[in-house]
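Given below, in the form of C-alpha cells, are the structures.
Presented sequentially are two complexes of subunit A, the first with subunit B as partner and the second with subunit C.
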Partner chain A sequence: MRVPPNVSSADYARALAEFEQAIGREWVFTSDEDLDLYRDAFSPFLNEPEERIASGALAPVSTEQVQQIVRIANKYRIPIYPISTGKNLGYGGSAPAYSGSVVLDLKRMNRIIEVNEQHAFALVEPGVSYFDLYRYIQEHKLKVWIDCPDPGWGSVMGNALDRGGGYTSANYRNHFDSHCGMEIVLPNGELLRTGMGAIPNAQTWQQYKSGCGPWIDGIFSQSNFGVVTKMGFWLMPEPEAYQRCTVSVPRYHDLMPLVEILNFVENSRITSGFPDLESPLLGYPPVGQIQLWNETGPPKMSAEHANLLKGAKLGYSPQIEAYGARAGIPYWRLWLSFHGPEEVIQAQWHAAQRHFARIQGAQFAVVEQVKLPVDAQQATKYHEPEFGVPSLRAFSIGARTPWNPTPSKGHMWFSPIIPRTGEAIIEANRVFSEAAQSLGMPLFTTFTLPACFWERAFIFILATPVTEDPHLNKRYREGFKKLIEVGGQHGWGEYRTAPVFQHAVMDVYSFNNHVLQRFHATLKDAIDPNGILSAGRYDIWPKHLREKA
Partner chain B sequence: MRARRLTGTVTSGLLLLGAASRAVGADSLAARHAPGRAVYEKWCAPCHDPGIIHPGTHALMTKYPNSTRASGLITAWTDLPATYVTFMVRHGISVMPAFRKTEISDAELAALAAYLARNTPTGR
Partner chain C sequence: MNRRGFVISGISAAGMLTSALPAVPASSPAPAMVTPAGIPALFGVVFDRRFEAARLFGRAAAWRGHMAFGYDGDLTATWLHRLEPRWSRRAGALAGMTTPAALFCLEQLAAQHWLRVVTRTGHAARRGQALVSWVIA
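Up next, the complex of A and B:
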C-alpha cells in the first residue's frame, strides 16, 4: 500500500480506518488500480519518477464528512489535496501538487442547491459540472445562462477557484469575479461562510458579495487555506438576441488603434460580448474558430500568399502587406459580439462602428444575427460556449485529425497576461518567439494573437504538447520554465499553471524580496498550522516542508 | 448515491431481460441497455456522438479509414469487446483521460461496456 510522506504506516492505517468509519469503506481508495485513476492525464512528467501521484483518495458526499476528514487528517498529519471534478487538464488534473498526498475527491458532492431565476444566481457544490448545471437549467426551463469555459465537464466551482474564464458577457466571463458567497471547511474542521453568508439566516448571501469587514474570498482561490464546499454564482438572464459582427482593417499598424478602440468600446460597455482577434492575412484564427479549423482544416491559401508569409518578420513584411491590399485580405479582423434586445444591439453596433471608423479603410460586417434561445443542438453551428452551452469540442486540440496525424498525450497551457495594446502583442511575440526558437519550443512559431477573456488585459493561452517521448517532454518542461522566467523579466506573469510549474510562476511574482509569497506563508502557518491541506499548491508550503526545501 | 441508484437500475434491467428471454425483441434489448446508454449519454456522447464536431469520433474516423470502423462511432462498431471499453475508460488514450470511480462507478462501467459491446459477437 502507498503511504503519504512523513507519515508512519501504522498512523496511516489508523487514519484510513477512521476515514472509512467517517465516509464508508467503498469511498476510501487505496489500491494502485484505483489510485492510478487520480494521475494527471496530461502530466508533463508522464511515466517518469517525478510524476505527482496520490497515496490514497477519499470521496465524501457531504460537508459534514469533509469536516470529519479534515479533523482526522489533523490528528495523524495526513496531507490531503481537494479536487472538485479533477478536470482542469493542462493545469494539473486530479493529481496532488505534493506527491503522495491523499486526494480529497469532491465529485460526489454534486448538489445544485439552488438556481434562482428572479435574482439570477446559482448555489452549487464542488462536484457540479457545467454540463450538470446547464442540464438542470434546461430541465427546469429557467431563463438564465451559465458562462462556461471550453471543456464543459469541469467544475463550476473548481474553475472559478482556479480563476478560469468563459465566453459570454463581460460581467460573467471572469468566473471568480462572478461568484458571490462561499462556504469553506477550514483546515481545523470549522465551517466558515463568507460575505453575507456570515449572518445566520442570511437573506442576501448570493446577492451581495463582500459583507462587511475584510473580504477574504480571494485567498481561497489558487491556494490551500480551506476546502470550499459551496459557492454562489451570478448568472446572466437569458438575452433576447445575439449578434456577431466584424471590424476588418487593412494594414499592420492598424493593430494599435484597433486594440485601443476595442478597449474603449469595451470599457464603456458599448460592447460586452467576447471579443476575438484574427489575422486573415497571417492565417491566424480567432479563438472561437480554433475548433472549426481543427475539424475542417485551415482555410486554403494561395502559393504566393504562403510563400510571402515565410518572409514575414513578427508578422510583417512590406510584400505581405502589399499582397493583402491587392488581394483584399485584411491584416486584422476583430470579432465583436452583442447580447440583448435587438434594438439595443443595433444601437451598440452603430456606436461601435462610429468609433472604429477612424481607422482608415476599416470595413464592417454583420456575420450572425441569432434570435434566442437556441438549444444545445442549434448551438453546435457556433462556438457553443459563446451561447453559454457547454461542450467538449475543444478537445480537438491535440486529438487525431486529418491535419494532426500524431495526436498528443495532452498539453500544458502556457498562459501569460500581457497589456492590452497592439504594441504589447508585437513585443510579446518578439520576446517569446526568440526565446521559444532558441529553446526548441513549439510555441510562437508564427505570429500569435492573444485572447480577450478579460477586459483589461490580454492573455495568450497556448498548448505545449505532452508526448510519449520523455526526452521531448523534458525539453518542453525546461523550455516552459524558461519562458515563464523570460516573461517575468518583461513584467508579464502567468494567470494560472500546473503544479509542476507553480514554483517557477510564483517566483516571478517577487516584488520586494518575495513579500507576497512570504505573506502567503504567514497565512498558511496561521490557518493550517499542521500543514495538512494541499501542500505546495501555488508554491504555498507548510512550515515543516518549507524548512526542508 | 448516484452509483447506488444506477446499480438498482442495472439489476432491474437484468430482471427484465430474464422475463423477456422467451421472446427477445428490440424493446427488451433497448431496456436492457438503457442504464449503459445513460452512462454513454452523460460521459461519452460529448466526444463520441456522430460527426466531426465530436473530437473522439473525428479521431477514430481518422484512425480507421476504409474499414468497418470508418464511421468512428463507438456506438455502432461491431468489433468492440466489453473488456476493451473497460480498459479505455480506466486508462484513457491520447487526450482522453481515465475516468475515476467517483465519475463512472464499476457498476456503471459494466453497464456502459455491455451497451457499447452489444453489436459485437461474443468471443471476440
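Up next, the complex of A and C:
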C-alpha cells in the first residue's frame, strides 16, 4: 500500500480507518487500480519516477464530511489535495502537486443548490460540471446562460478557482470574477463563508460580492488555504439575439489601430462578446474556428500564397502584403460578437463600424444573426460555448486527421499574459519565436495571435506536446521553464500552470525580493500550520517542507 | 490495407467484443449477471457512424440485443443523454468502437464514476484515421 510522505504506515492505517468511519469504506480508495484514475493523463512525467501520484483518495459527499476529513488529516499530518471533477488537463489534471498526497475528490458533492432566474445566479458544489448546470437550466426552462470553457466537461467551481475563462459576454467570461460568495472548509476544519455570507441568514450572499472588511475570496483561488465547498456565480440572462460580425483590414500595420479600437469599443461596452483575432493572409485561425479547421481542414491556399508565406518574418513581408491586396485576402480579421435585443445589437454594430472605419480600407461583414434561444442541437452549427452550450467537440483538436496524422499524447498549456496592443503581439512573437527556436520547442513556429478571453489583456494559450518519448518530454519541460523565464524578463507572466511548472512561474513574480511568495508563506503558516492542504500548489509550501527544500 | 481487409478487421473486432458478452433477451430488465472476467453486463455499445467498421460493430451489437448508440464525430449529445445518466446509475459496462480521441474523452468522463477502460484494441482505418475498440467497466 502506498503511504504519503512523512507519514508512518501505522499513522496512515489509523487515519484510513478514521476516514472510512467518517465517509464510508467504499469511498476510501487505496488500491493501485483505483489510484490510477487520479493520474494526470497529460503528465509530462507519465510513467517516469517524477510523475506526481496519489497515495490514496477520499470521496466525501458533504461539507460536514470534508470537515471531518480535514480534522483527521490534521491529527495524523496527512497531506490532502482537493480536486473537483479532476478535468484540469494541461494544467495538472487530478494528480496532486505534492506527490504521495491523498486526493480529496469532491465530485460526489454535486448539488446544484440554487439557480435563481430573477437575479441570475447559481450556487453550486464543487462536483457540479458545466454539463450538469446546463442540463439543470434546460430541464427547469430557466432563461439564463452559463459561460463555459471548451471542452465543457469540467467543474464550474474548479475552473473558476483555477481562474479559467469562457466565451460569452465579458462580464461572465472571467470565471473567477463572475463568482459571488464562497463557503470554505479551513485547514483546521472550521467553516467560513465570504462576502455577505458571513452574515447569518444572509439575504444577498450571491448578490453582493465583497461584504465588508478585507475581501478575501481571491486567496482561495490558485492556492491552498481552504477547501471550497460552495460557490456562487452570476449568470447571463438569456439574450434575445446574437450577432457575429467581422472587421477585416488589409495591411500588416493595421494590427495596431485594429487592437486599439477593439480596446475602446470593448471597454466602452459597445461590444461585449468574445473578440477573436484571425489572419486570413497568414493562415492563422480565430479561436472560435479551430474546431472547424480541425474537422474539415484549413482553408485551401494557392501554391503562390504558401510559397510567399515562407519569406515572411514576424508575419510580414512586402510581397505577402501585396499578394493579399491583389487577391483580396485581408491581413487581419477581427471577429466581434454581440448579445442582446436586436435593436441594441444593430446600434452597437453601427457604432463599432464608425470607430473601425478610421482604418483605411477596413471592411465589415455580418456573418451570423441568430434569434435566441437555440437548443444544443442548433448550437452545433456554431462554436457552442459562445452560446453558453458546453461541448466535447474540442476532442477533434489533436485527434488524428489527414491534417494532423501524428497527434500528441497530451499537452501542457503555455499561457503568458501580454499587453493588449498590436505592438505587444509582434514583440512577443519576436521574443518567444527566437527563444523557442533556440530551445527546439514547437511553439511560435509561425506568427501566432493571442486570444481575448480576458478584457484589458491578451493571452497566448499554446499547447506544448506531451509525447511518448521521455527524452523529448524532458527537453520540452526544460524548454517550457526557459520560456517562462524569458517571458518574465519581458514583464510577461503566466496566468495559470501545471504543478510541475508552478515554482518556475511563481519565481517570475519576484518584485521586491519575492515579497509575494513570502506573503503567501506567511498566510500558509498562519492558516495551515500543519501544512496538510495541497502542499506545493502554486509553490506555496508549508513550513516543514520549505525547511527541507 | 485494402477495403476487404479493413472490413474484415472491423467485423473481427466486432466479433471479438460482442461474442465475449452474452446476448440480452429483448424482454429482459437491466442485466444483473456478471460476465466472465468479472466485467459487469453490457448496457450498450457506442460507435462512430463515420466509419464502416464501427457501423458494423454497432450493428453486430444491436443484433445481439445490446443498445447501440451511434454518433457522427461529436460525442456530446450521446454522452450527455445516453451514457452519463446510465453511468450515474451504475448501469453496467459499455463497449465501443471509436477514434482514440473519443475513447480518451470517454475514459476521462468514466473516471468520474470510478469506471475504467478494461480492454482496448487498436485498428487501422482509412485515410490515416485509427479506430479503437474497447470496454469501459
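Assume the second predicted complex is superposed on the first by the 549 of 549 C-alpha atoms of A that agree within 3 Å, B and C clash if a C-alpha of one lies under 4 Å from a C-alpha of the other, contacts with A are read in each partner's own complex, and residues count from 1 in each chain.
Everything below uses one rule, namely that contacts are C-beta pairs under 8 Å (C-beta built on N, C-alpha and C of every residue); 3 or more make two chains touch, one makes a residue touch a chain.
Here the structure is a predicted model, which is why all the values come from computation and not from measurement.
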Clash-or-fit label for the pair subunit B, subunit C on subunit A: clash
Which superposed partner A:377 touches (first subunit B, second subunit C, both, neither): second
Subunit C versus subunit B, contacts on subunit A by residue: B
Partner chain in contact with A:13 - subunit B first, subunit C second, else both or neither: neither
Which superposed partner A:89 touches (first subunit B, second subunit C, both, neither): both
Partner chain(s) touched by A:296 [first = subunit B, second = subunit C, both, neither]: first
Contacts of A:41 with subunit B and subunit C, given as first, second, both or neither: both
First (subunit B), second (subunit C), both or neither touched by A:61: first
Which superposed partner A:347 touches (first subunit B, second subunit C, both, neither): neither
Residues of subunit A contacting subunit B in one complex and subunit C in the other: 29, 33-34, 36-37, 41, 85-87, 89, 107, 131, 153, 295, 380, 391-393, 395-396, 398-402, 405, 407
Touch list for subunit C against partner subunit A, complex: 73-77, 79-80, 84, 99-102, 104-105, 107-109, 111-112, 114, 116, 127-130
Interface residues, subunit B side, partner subunit A - complex: 1-2, 42, 46-47, 52-56, 58-59, 62-63, 90, 92, 94-103
Contacting residues of subunit A [partner subunit C, same complex]: 29, 33-34, 36-37, 41, 85-87, 89, 107, 131, 135, 151, 153, 295, 376-377, 380, 384, 390-393, 395-396, 398-402, 405, 407
Contact footprint of subunit B on subunit A as seen in their complex: 27, 29, 33-34, 36-39, 41-42, 57, 59, 61, 85-87, 89, 93-94, 105, 107-108, 110, 127, 131, 152-153, 291, 294-296, 380, 391-393, 395-402, 405, 407-411
